[in-house]
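Next, two complexes with chain A in common: one pairs it with chain B, the other with chain C.
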Partner chain A sequence: MIKAILYKEWIKIRYLFLLAAVILMAFTAYCQLRIGNVISLRSAAHLWEILLTRDNTFYEAMRYVPLFSGVLLALFQFVPEMQQKRLKLCLHLPLPQNKIIGSMLGFGVSLLIILFVVTYLIIFLYLNPILAPELISRVMLTMLPWFVAGIAGYAFVAFTVLEPTWKRRLLNILAGVAFIRIFYLSGYAEAYNQVIVWLLIITLALAGLSFLSVSRFKDGVQ
Partner chain B sequence: MNPVITCTNLTHHYGKRLIYENLNFSVPEGRILGLLGKNGTGKTTTINILNGYLKPSGGECTIFGENIRHINPITKQRIALLIEGHVQYSFMNIEQIERFYASFYPKWKKEAYYELMDLLKVAPRQRIANMSCGQRSQVALGLIMAQNADLLILDDFSLGLDPGYRRLFIEYLREYAKSEQKTVFLTSHIIQDMEKLIDDCIILDYGKILIQKSVSELMDTFKKFTFKIDDAQPSLPADNEFYNPAVYRGNGELFTFQNKEYVEQYLHKHDIEHSQLMSESLNLEDIFIGLTGKY
Partner chain C sequence: MSKTYKIIYYILLTAILAWLLPWFYNLATLKKERTPFTLYSEIIEDFAMINVNQNEKDLRYTDRKGDIYTERQFDSILPMFYYRQLVTDNRLPDTIRGVPVTASKIRRENFIFRTRPLDINVHHPELYSLLESRSKRVDLTMPDDVFRLTKNGIEFIDMESNQVNKEKSALFQSVFQQKEVAFPIRTIAGNPTNRKEYDEGYLFTDNEGKLFHLKQMQGRPFLRPISIDADVQISQIWVTEFLNRKYFGFLTDVNNQFYVLTAPDYSLVKVEIPPFNPKKENMTIFGNMFSWTVVQSDKKDEILTAIDAKTLTAIDSMAYHNADKDKTGLASYLFPLQLSFTSTKDKFFYPRLKDFSYRALALNLVLLVVYVLLFRKTKFSTTKLFKSLSIAVLGVFAFIPALLMRE
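== the complex of A and B ==
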C-alpha cells in the first residue's frame, strides 16, 4: 500500500523532479565552467589563492537553487491534494493517517536528498583532481546550509499548503521565512560549520509540522 | 437488521451558526437510504462527519460499530466514499488510478471498473483532468463500484451525469446493492433519481430531521389536498398536522399524513367555506417540496 502512495506521489512530481534536476545540474555546470575558466585563463594556483583568501567558492550562483527546488517540489506535491480538498481521498485510504502523510513527506524529502547528494557528488568528482581535500571540504561545507535550506523550504511549504485556513497559512509563511532566513544570514565561507548539524536536526523535526496541519484539516477547521 | 451507521445526538455549528442539533438516525444493513434536504441543511456536513473529516460539535456516530473518529483501517476497506463533486486524482489517467486503488482493497473488482470505463469514449492513457465533467464523474463512480465495499457513501452522486448515464447508473447501483446486500447512504439534488433508487429517506430541514421513513410508506401516506375557497381568505390557520398550507388566488392547498376526514373537520372547525376538496398522491419530489416548502 505504501508503494501505491509513492506511485501516486511520483506521478504528481515526476516532471518537476526532472526539471529540478536539470536546473541543479545547469547551475552546477555553470559554476564549474567559471572554475574551468579561472584555471585556463590564469592557473589552478590562482584558484587556490582565491579559495584560501576570499569568501568566494565559485558556487555562489547556486545559493538559492536548492531552496527553489524544495519549495517547488512541495508545491507540486501538496497543492493538488488541497485543490477541491482532495486530501480527503488520501485520508480515506485504509492506512493509518500518520503513515500516509509520513510516506508522502518522506518521499518528497528523499527525492530532495537524492538530488542534493548527486549534485554534491558531481561537485566532488569535478573538484577532486583540482583541489586539495581541505579546499573541497571548504566548498562543500559552505554550500551545505543552502541544501539544508532546500529541505526547510520543502517542510515549510508542505506545512503551509496542508493548513486548511488562510490566516494560519500566512503565519506559517512568516515563520518559514524567518527560519529560512537563518541559512542566508552570513555570506562567509564555512560560517555555519558550528551550527549546521543542529540546523539540520531542527529542519527535519520541522518537517513534522505538516502532521499538525493535516490534523486541523481532519477536524474540519475553517 | 443491524444498523451499519448510527448517529446519536449529532450536533454541529459553523461558528455561531447552528446546522443541526441532536440528530438521531441509523442506516440498517442492506438498505439504500437517501439524505434529502435543501441547500445548507447539512447534508454534506453529515457526510463529512461520517467520514471523519469534520469533528462534530456534539454527539457521536459509529460505522460498523466503530466510532467514526477512530476507524480501523481494516474497517475503512469496507467503506467506499464518493466525495461531493466526484473529486478524484485528476493528474492520473484511468489506468493509473485503477492500479493505485487496487492495491488498497482486497475485494477489488477490476472488471467492474473497466465495464463502466468501456462506456466512456476516452483513451486509456487520457488524463482525468482532460475529461469532461460527466466523464470524470463516471471514473469516480467506476472506482466506487470496483472497491466492492459493504457500505457506499455517495455525496451528490448524480452531479454532472447526463440523463442516460444517470439512469443507467441508478439501475446498476440498485441492482448491485440489492443482489450483494450492500448498504448505501447517499445524497442527491435530483430527487426524481432517488425515487427509483432509495428504500428509505431522511428529510432534513434547517436544524433538524423532518422525517425518516421508507419511501413506499411516505408515498402511500403523504398526500396533497386542494380545494376552492373564498377569495377573501388570505391564508389558512396553522395546524400541527399540516405542512406548508397556502392559498393562491382562491385555491387552497396543504400537505399532510392525515386523511380527507381530518382535513374536512379542520376546514369546518375554522369555518372555511370550501368546495372541490381533493387529495392527490405525490411523487418523491412533490413530497419533498410539500414537507420543506418551495422556499
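== the complex of A and C ==
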C-alpha cells in the first residue's frame, strides 16, 4: 500500500521534480561560470582574496532557489489533493492516517534532500580542485541555511495547503514567513555555524505540522 | 500526534511573537543616539567638543568648561586634527608647545585606530597572506600564496595550483622550530592588504603564550620572539602599521589591560586607560605627536581618556553617559523578555534572550485572568494548564497564540 502511495506521489510531482532539478542546476552552473570568469579574467588568487576578506561566496544568486524549489514541490504535491478532494479518499485507505500523511511528507522531504545533496556534491566537486578546504567549508556552511530554508518552505506550504480553513491558513502563512525569515536574517558568511544543526532538526520536526492540519480536516473543521 | 503538534505549533507561535513584537516595538521607538565629537586639545589642555542639536543644523563648538568657540577658533585649538584647514588658511603655527611642526610632520605622526566587537566576533577562515615586507618596489603586492597554521606547524599553499608549497613550508617550519614556537598558535593578527605604506607581517602568541613577530623579507622568514612579562597573557592583537612607524601593534591581555608594542625596541608598554574588552566595546584612538584621545564605548557609556603620546600615561578623562538607556521604557511593562537572533556586536546567528523584566508580571497576570475567563466553559486539560502557565511566565507572547489557536 505504501509503495502505491509513493508511486502516486511520484506521478504527481515527477515533472516538477525535474523542473526543480533543472532550475537548481542552472543556478549552480551560473554561479560556477562566474567563479570560472573570475579565475580566467583575474586569477585564482583574486578569488581566494575575495573569499578571505569579504562575506561573498559567489553563490549568492542561489539564495532563494532552494526555498523556491521547496515551496513549488509542496504546492504541486498537495494543492491537487485539496482541490480535487482526493485527500478525503486517501484518508479512507486501510492504513493509519498518520502513516499515509507521513509517507507523503517523507517522500517530498526525501526528494528535496536528494536534490539538495546532489547540488551540494556538484558544488563541492567543482570547488575542490580550486580552493583550500577552509574556503570550501566557508562557502558550503554559508549556503547551508538556504537549503534548510527549502525544507522549511516545503513544510509550511504543506501545512498551509492541507489546512481546511482560510483563517488558520492565514495564520500558518504568517508563521511560515516568520520562521523562514530566520534563515535569511544574517548575511554574514558562516553566521549560522553554531545553530545550523539545531535549525535542521527543528525544521525536520516542523515538517510534521501537517499532521495537525490533516487531523483538523478529518475532524471536519470548517 | 496532532495533540503533540498542537503544543509544538503553540510554542513556535510564542517564540515568533517573543522575537517579532519587541522587534516592532524597538523599530517604532528607535531614537538617534549621539554623543558630541570630542578630542583632547593640546592648546587649551582640556577636552573640546562639537555639540549638535536635534535638527543637526546648529553646531556648537565648546569645551568642558563651557567656553564657546567659533569654527575658526575651534580649528586653532585642535591644530593637530584640523591642520589641513589651518594650512589652507595660512594659520598653521610654526611651533606647537615649543615643538616645530609642519603639515607633513603632523600628517606622518597622526593616526586613527578603530576596533569594533563586530570585527572580532566573527568566523574567519584560518588562512593568512604573508606579504613581502622588503620588496624592491615602492608598492606592496599581494602574494601568490597563503599560509595556514596547523597543530604542528606552518604550511604555505599556492593559490593558483591549490597545492602545498613544500619547499617554502619547510623553510618557514625550520625557522619556527629554531625559535621554539609551541604549536598550535593561540592568537594571530596582521593586515593582509597592499593598501598600506609598509608591511609588518603578523604578531602572534604560541601555545605557551609567548609573543612573536613574523615577516617575510626578500622571500626569507623573519621570526622574532618578543620578551614580555610572564604575567601578561595576551588575548587580542592588532598590527598597527601607522605612518609614524613608532609601534608594531596594540594588544590586550586577559585582564582587559591595553598595551602598545613600541618600535623598533619591541617594548610592551601599558596604556593608562580603563579596562577595555575588545569583544564587547568599541575603541577609537585619535593619535598625534603630543597626545592620544582614546574613546571607549559600549551601549551605555562613552569614556574618553587623553593620553600623553610619549609616556602613554593618562592626562585627563571624561565620560558621556546615555541616560536614555537607564530609563524604564514601556517595553519592560509589556514584555517579560526579548528574543533576538543577531547583534551589532558580532556576526553570529543564534537565539539570545535578553531584557528580562519582572515589571511585565502585572500584565502577565491580567492576561492570565482574561484567558481563564474566556475559556472558563472549556473542560480542564493539560494543554489548557500548559497555556495558562505559559501566559503567566511569557505574558503577551503566549496569550496571543492561545487566542489564535482557540477551536
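Simple rule for what comes next: the second predicted complex is superposed on the first by the 221 of 222 C-alpha atoms of A that agree within 3 Å, B and C clash if a C-alpha of one lies under 4 Å from a C-alpha of the other, contacts with A are read in each partner's own complex, and residues count from 1 in each chain.
Keep this in mind: contacts are C-beta pairs under 8 Å (C-beta built on N, C-alpha and C of every residue); 3 or more make two chains touch, one makes a residue touch a chain.
Please read these numbers as outputs of a predicted model, since none were measured by experiment.
Of the partners chain B and chain C, which touch A:H92 in the superposed model: first, second, both, neither?
first
Where does A:L212 make contact in the superposed view: on chain B (first), on chain C (second), on both, or on neither?
second
Please indicate which partner A:L75 is in contact with in the superposed arrangement: first for chain B, second for chain C, both, or neither.
neither
Give one of first, second, both or neither to describe whether A:K8 is in contact with chain B, with chain C, with both, or with none.
The first partner, chain B, only.
Counting only touches as set out at the top, which of chain B and chain C does A:Y188 meet: first, second, both, neither?
second
Just chain B (first), just chain C (second), both, or neither: which does A:F179 touch?
second
On chain A, which partner's contacts cover more residues, chain B's or chain C's?
For chain A, the partner with the higher number of touched residues is C.
After superposition on the shared chain, which partner residues are touched by A:I50: those of chain B (first), chain C (second), both, or neither?
neither
Considering only the defined contacts, which chain B positions touch chain A in the complex?
It is residues 14, 48, 51-55, 73-74, 76-77, 79, 81, 83, 85, 87-92, 96, 99-101, 103-105 of chain B that touch chain A.
Once bound in the complex, which stretches of chain A touch chain B?
1, 3-4, 7-8, 11-12, 80, 84-86, 88-89, 91-96, 217-220, 222
What residues on chain C touch chain A, complex-wise?
Touch list, chain C to chain A: 1-2, 5-6, 8-9, 12-13, 16, 19-20, 122-123, 125-127, 129, 142, 144, 146, 148, 157, 159-160, 162, 192-193, 341-342, 347-351, 404, 407.
Which bits of chain A are touching chain C when the two form their complex?
Listed in rising order, the residues are 43-45, 48-49, 51-53, 98, 129-132, 134-135, 138, 171, 175, 178-179, 182, 185-186, 188-195, 205-206, 208-209, 211-212, 214-216, 221.
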